[in-house]
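Shared between the two complexes below is chain A, which pairs with chain B and chain C, respectively.
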Partner chain A sequence: MKLRKQNEFINIFTRGSALSSLFAITIAIIIILIVLLPMGISPKKAFHYTIKGCFGSLYNISEVLVKTTPLLLAGTGVAIAFRAGLFNIGIEGQILIGGLMAAYSGFQWNLPPIIHLITILLIGGMCGGLWILVPAYLKVKKGINEVITTLLMYYISIYLTHYLVVGPWKAPGLTPATPYIKHNAIFPLIIPNTRLHGGIIFAITLVILIAWIFKKTRMGFEIKAVGLNPIAAEYAGIKVNKIIYLSLFLSGVLGGLTGAVEIAGIHHRFFDQFSSGMGFDGITVALVGKNNPIGIIFSAIFFALIRTTNLEMAVSAGVPKYLSFLMEGIIVILVAFENIYQEKISQIMRRHIGDMDTD
Partner chain B sequence: MKAALRLESITKTFPGGIIANHDISLEVYEGEIHSIIGENGAGKTTLMKIISGLLKPDKGKIYVYGREAKLSGPLDAISYKIGMVHQHFVLIPRFTVAENIVLGMEKKKGLNLDKEWINEHIRKISTRYGMEVDPTARIEEIPVGEKQKVEILKVLYRNANIIIFDEPTSVLSPEEIKELFKIFRLLIKNGKTILFISHKLKEVLEISDRITVLRKGMKVGTLLRTEATSNNLAEMMIGNKQRLIIQKEKGSSEKDKQFQIEDLEAKGSTLASSLKNISIKINSGEILGIAGVEGNGQETLVNTIIGIIPPSKGRIIFKGREMNKLTPIERREMGIGIIPSDRQKEGLLLRAPVKENCLLGYQYKKEYYRFGTFKEDYIYEISRKIVSEYDIQPPNIYTKAADLSGGNQQRLILGRELYHNPEFLIAVRPTRGLDLKSTIYIHNKLIEMKNKGTCILLISYDLDELTELSDKIAVIYEGKIIDSFINTESEKSKIRIGVALGGVKYEITETK
Partner chain C sequence: MIWILIKTAITSTIPIMLAAEGATISELSGVINIALEGIMLLGAFFGALSAYYSNSWFIGLLVSILVGASVGVLHAYISIDCRGDQIISGTGINVVAVGLTNMLLKTIFKHAGTTPNVPSIPHDLPGGLNILDLFSLFLPFFLWWFYYYTPWGLRTRSVGEDPEVSEIMGISVRKVRYISVVTSSILASLGGAYLSLGVVGLFQQNMSGGRGFLGLAAMIFGNWNPIGSMIAAIFFGSTYALQMYMQIRFYQFNIPPEVFLMLPYILAILALIGVMGKSHPPSSDGKPYTRQK
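Up next is the complex of A and B:
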């Protein structure tokens, strides 16, 4: 029993998956530190900014967690599709739709406390899920690649939500935004006088639930089987089309929830393109987290830290805000090309840990 | 006799310490067909890659027509007139035959291909060697046998004198193999030298002048054709005499254990592979062998039985119950197991560990769950059992299926299916591409299952396999069963199958 647990643990590393993410992150940090040098920021100073920006005060810590929340949800959403071998590149679209519908049900209706919050989360999640059913249908019936359709649906969602917030659902005033949602629909704060709301707890619970589904249930196994080999899955009696619908729907629900949680927790109303690319960040988070929910928790926190550090540097030292995007780019490229060096890394690991073949 | 090719103590070690070739010396005479045989992993392919310049040996020398050859790439091999016909074709489907043949050595007229010259030249070579192909046909439109001819023409176009064939018969039907051997003889007549890689003893004995046997990266010996028998070759290859097949027992005809198909019709991907009025019956403890050339409906038959393709007519009955309306899972629940024809594409999750592959196809079983969650310990125990009982190497249930050798992948599938005690087993080409040792192992296991009372549907292109294992044989041709009979004597059955493969029913009156 104990032996088994050990073996499983080591196999994660010899497979090189977690390692290649760590490798990518390390290389990216080194490059960024070099880029920072001519701006007069030594590695020591950079480290100082990270500590100060992310952990300097309770408020700073809370901001890291505020940034973690949507990354966690969006990253998990992308990962569900990835697991089934599908790429929901347009998750940003589901975030917009989910966010808008959550805002609508938040300002339009009057429900008791808690119930109203749950309602707008449900509405947001469901609408995100329904939004992706169009690509899912086209994929199953016509074999059209979901990369294209989800992306096109993203563009439709931009203009649809834009139309609604400058038109029918616009609140009086100058900004193109909906009215504020009702008090009962707002996520309660965890720490007063910060922006940290209950969404982080909701998100972590949800991610753990999904980790459990992935690892322990028949559904999780079937999604993985379809992702790894749809033909073998079909021979194994798995209904591949059902799994495609299911996994894309769940991915869309997570997208919709990302939007709904941001509306209910941070913005309290929908304004044009409020999501500012958090769906695309979710793709990075899923890649670095290796589509593993637990990995995604770490990678979401990591990217939130990077963002916060970058912000601190921008304020204190005038470093451009876009440095964190540069870092993300480097990491994505390194992770995407992992096959090139993964073999080498796991070879080295095997040499140091010893031969794992004997069980 | 003059040596066209001489190898001097070739040694090749791969990273990780795997010795693929150890001190191999070999002489191939001009104008002979020299066969290299050995099990999977004996080092045949590595040796051929060294000869064709794709791999560099760590030690050893290669002499071509007495001259030492430094081969550091395929182009060098071409300059020494060595050509290789690969086991898996390396052709571009969208290109024409001619374009594929000249690719990389195009004859140009201005900026364009000199199509007339090329087509003419190809026609000339192809008629000389008895390989009529249309240079303007697209690769995607021609059958497998023709594709192989294109591969051979590619090598001839590059003026190769020493031609290596890496397991060329593995993709061919018996008819096509005969044709290939005719081509071999024509090549020899025109002064070429052939290195023929195979692990099929019968073919090797039929065509070779001399035979070299490799085992575990080392040369066991070279025999003249006249000295070789399938017994002594097999012994040299596997190193011991374990060839005993378990004694076959007779099946029973209990109705409630039978598998039966009545007047089945179903649409396949082509007209020839659509099923027309198929009726078969397999008793408990019986093996029904389905013979036939690839693409004559075997795949459609399997997919209809397991429930991927809905039949348009007819009934599938198992244990007295009609299955037509059941889902694939419900059919599996009735006790149907399958060894699919392509273990990597259809049978395994290559990037998942052995443990998860042990579950694939049986994930519906309630015994694997407690409150809807996997019983990890139980699944762990079962995978360990399968791995040890079927001797899967390495014996680690966390190894990815992709990292197992072909034989071990097949053992994994076999173990998974047999562990769940199927009452009806579909085995499609169960020993495809496997070495002798694994083949014998799998054959024995199938007989064991049969003796336990399982109905087995065996689909294969290998006549030896079919006649050795089956109780009854049916021949499928263009989606119809055109002949079926009880398999009593191997040699007679083979003749009868051979006739039926061409679409003709064997008439008893014709032979005496």
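Up next is the complex of A and C:
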């Protein structure tokens, strides 16, 4: 049994999927280190910023986990759609809508402890799911690529949420933001005097739950079948249109939850563009994590480390905070043609550890 | 008043239309190019940057074309030679564009937000138009003639429909797709140059603001036809003029500008839901092609 486990682990590597992600990351890190040189940051210094920024104190470590939480949720959301062969590129829009509606139900209503928290998470998730139904409808009825329509919905969500926080739902004061949510709606802290809240446990539980759905249930199987070959799935008696609605809805729910958890755990109110591109980070997380739950957990932590390092460099050395975007973009471009080097890598790996594989 | 509205409609239409025509060109050959948004942003930024240093809008325009072409080659290489995922490649290019332009903007000009004023394309043609206006005016008609009445255009469309058969007929699928993707990217970068050098004479953070994606929507709405895409782009562009008119007309109600800024996107979605029939992209759109040996 133990041997089989070990072989499975080696198999992941010899098939090259995990290694090609590592390869993409390595190349991107090298490029970023070169970009940093003219800014007066040597690789050694960059490494120092990573250690200091991410592990310098208990607070810094907790901040990495704080940043991991939305990446886990958004990454899983994107991965669900990917599994069905769909691309929820506009997940940022669902995050904004989910976050806004969670904030609204958080400051508007008065509910008992815990129930209020659960309510705003449910509202946020549902609204994210409803927001993506328009692209789902257009996909099913008119055959329009969901990439375009989710992006159009994303731009609508930017202006809509902006309008609501500068207009009708604005709290008194100068900042364009909603009022603070009620105390009962706030995610409890795990470590006092940090920002680390229960959302990380919630997110990990959800990732495991969704992994279980994909591995053990009929629904998960049907989504995967549609993603592999929709025509064959249709012949096998799977209702493809239903699966498109379902998987996009679930993906949208995860997007909405990402926003809701950030509001309930970190910001406690909605302000303009609070999400700062975490939906697009989610796409990178899902791509690098190969839509696999364990992969997503690792890549979410990795990108949280990158974000934290970038922040540390921005504060200490004035490096623009858009560096992490650049890095993510490079990784995504490399992932786009991984089929080319994946084959090479797995050949090399098989040659070197192939004898272990045949034990 | 009417003249100002028409001018607003034209200046808002042109970047969307250039992206829409670019998207059409690329997809007719069978390659999806969602990198148009990022290429537009890069074209706008590097156009403004080089116009700032050379003090010449013409150099700016040339650099913008060059940047568009190089990013186009990258996307073509990944999509055609590596048979990679075209949408993921496009996404990556879009993310790099946001990261790179914002980073350089901050590093070079120290303050985020905008560049200083740069020389802009002179409006010295009759009717106060500039050369990009004139170019854009003729482009859709030229493309329509090209794709429906010339052997080269028909060959390109056959590559998008059925690359295997086209290859047997002696057409180089790879060459046709390369040319199409690079041309498509150049049009998007011209759209970007139009924004930074043609309209305001400076670069603003995230200046493309979804116009590339609106162009893709216009392409779908226009059913992958150059003239259809143009009409859809005019429709989306005119909403900007409508938005301006409404803001002036209903100023006493104090309606926030965001309500109007949403308009093009909401109308795009409504148009796709209501007016549009089932969409018919080229048969091999987005599918990598492996040459039979």
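By our rule, the second predicted complex is superposed on the first by the 342 of 359 C-alpha atoms of A that agree within 3 Å, B and C clash if a C-alpha of one lies under 4 Å from a C-alpha of the other, contacts with A are read in each partner's own complex, and residues count from 1 in each chain.
What we mean here is this: contacts are C-beta pairs under 8 Å (C-beta built on N, C-alpha and C of every residue); 3 or more make two chains touch, one makes a residue touch a chain.
These figures come from a predicted structure and were not determined experimentally.
Student: With both complexes overlaid on chain A, does A:23 touch chain B (first), chain C (second), both or neither?
Tutor: neither
Student: Quick one: is A:180 in contact with chain B, with chain C, with both, or with neither? Answer first, second, both or neither.
Tutor: Neither: A:180 stays clear of chain B and chain C.
Student: Going by the contact rule set out at the top, does A:298 touch chain B (first), chain C (second), both, or neither?
Tutor: neither
Student: Which partner, chain B or chain C, is in contact with more residues of chain A?
Tutor: More residues of chain A are touched by C.
Student: Does the superposition put A:222 against chain B (first), chain C (second), both, or neither?
Tutor: first
Student: Output check: A:89 vs chain B and chain C. Expected answer is one of first, second, both, neither. What do you get?
Tutor: second
Student: Who does A:271 touch here: chain B (first), chain C (second), both, or neither?
Tutor: Touch status of A:271: no partner.
Student: One more residue to check, A:109. First (chain B), second (chain C), both or neither?
Tutor: Neither partner.
Student: Classify the contacts of A:167 with the two partner chains as first (chain B alone), second (chain C alone), both, or neither.
Tutor: A:167 sits against chain C, while chain B stays out of touch.
Student: Quick one: in the complex, what on chain C touches chain A?
Tutor: Interface residues on chain C, with respect to chain A: 32, 34, 74, 78, 82-89, 91-100, 102-103, 106-107, 112, 209-210, 213-214, 216-217, 220, 256, 258-259, 261-262, 265-266, 268-269, 272-273, 276-279, 281.
Student: Contact residues on chain B for chain A in the complex?
Tutor: My answer: residues 15-16, 306-308, 327-329, 331-332, 338, 340, 345-353, 356, 359-361, 363-364, 369, 372-374, 377, 380, 384, 394-400.
Student: Can you check the complex and tell me which residues of chain A touch chain C?
Tutor: 39, 87, 89, 134, 137-138, 141-145, 147-149, 151-153, 155-156, 159-160, 162-163, 166-167, 280, 283-284, 287, 320, 322-340
Student: What does chain A use to touch chain B in their complex?
Tutor: Checking each residue of chain A against chain B gives 1, 4, 7-8, 11, 15, 212, 215-218, 221-222, 224-225, 228-229, 231-239, 347, 356-359.
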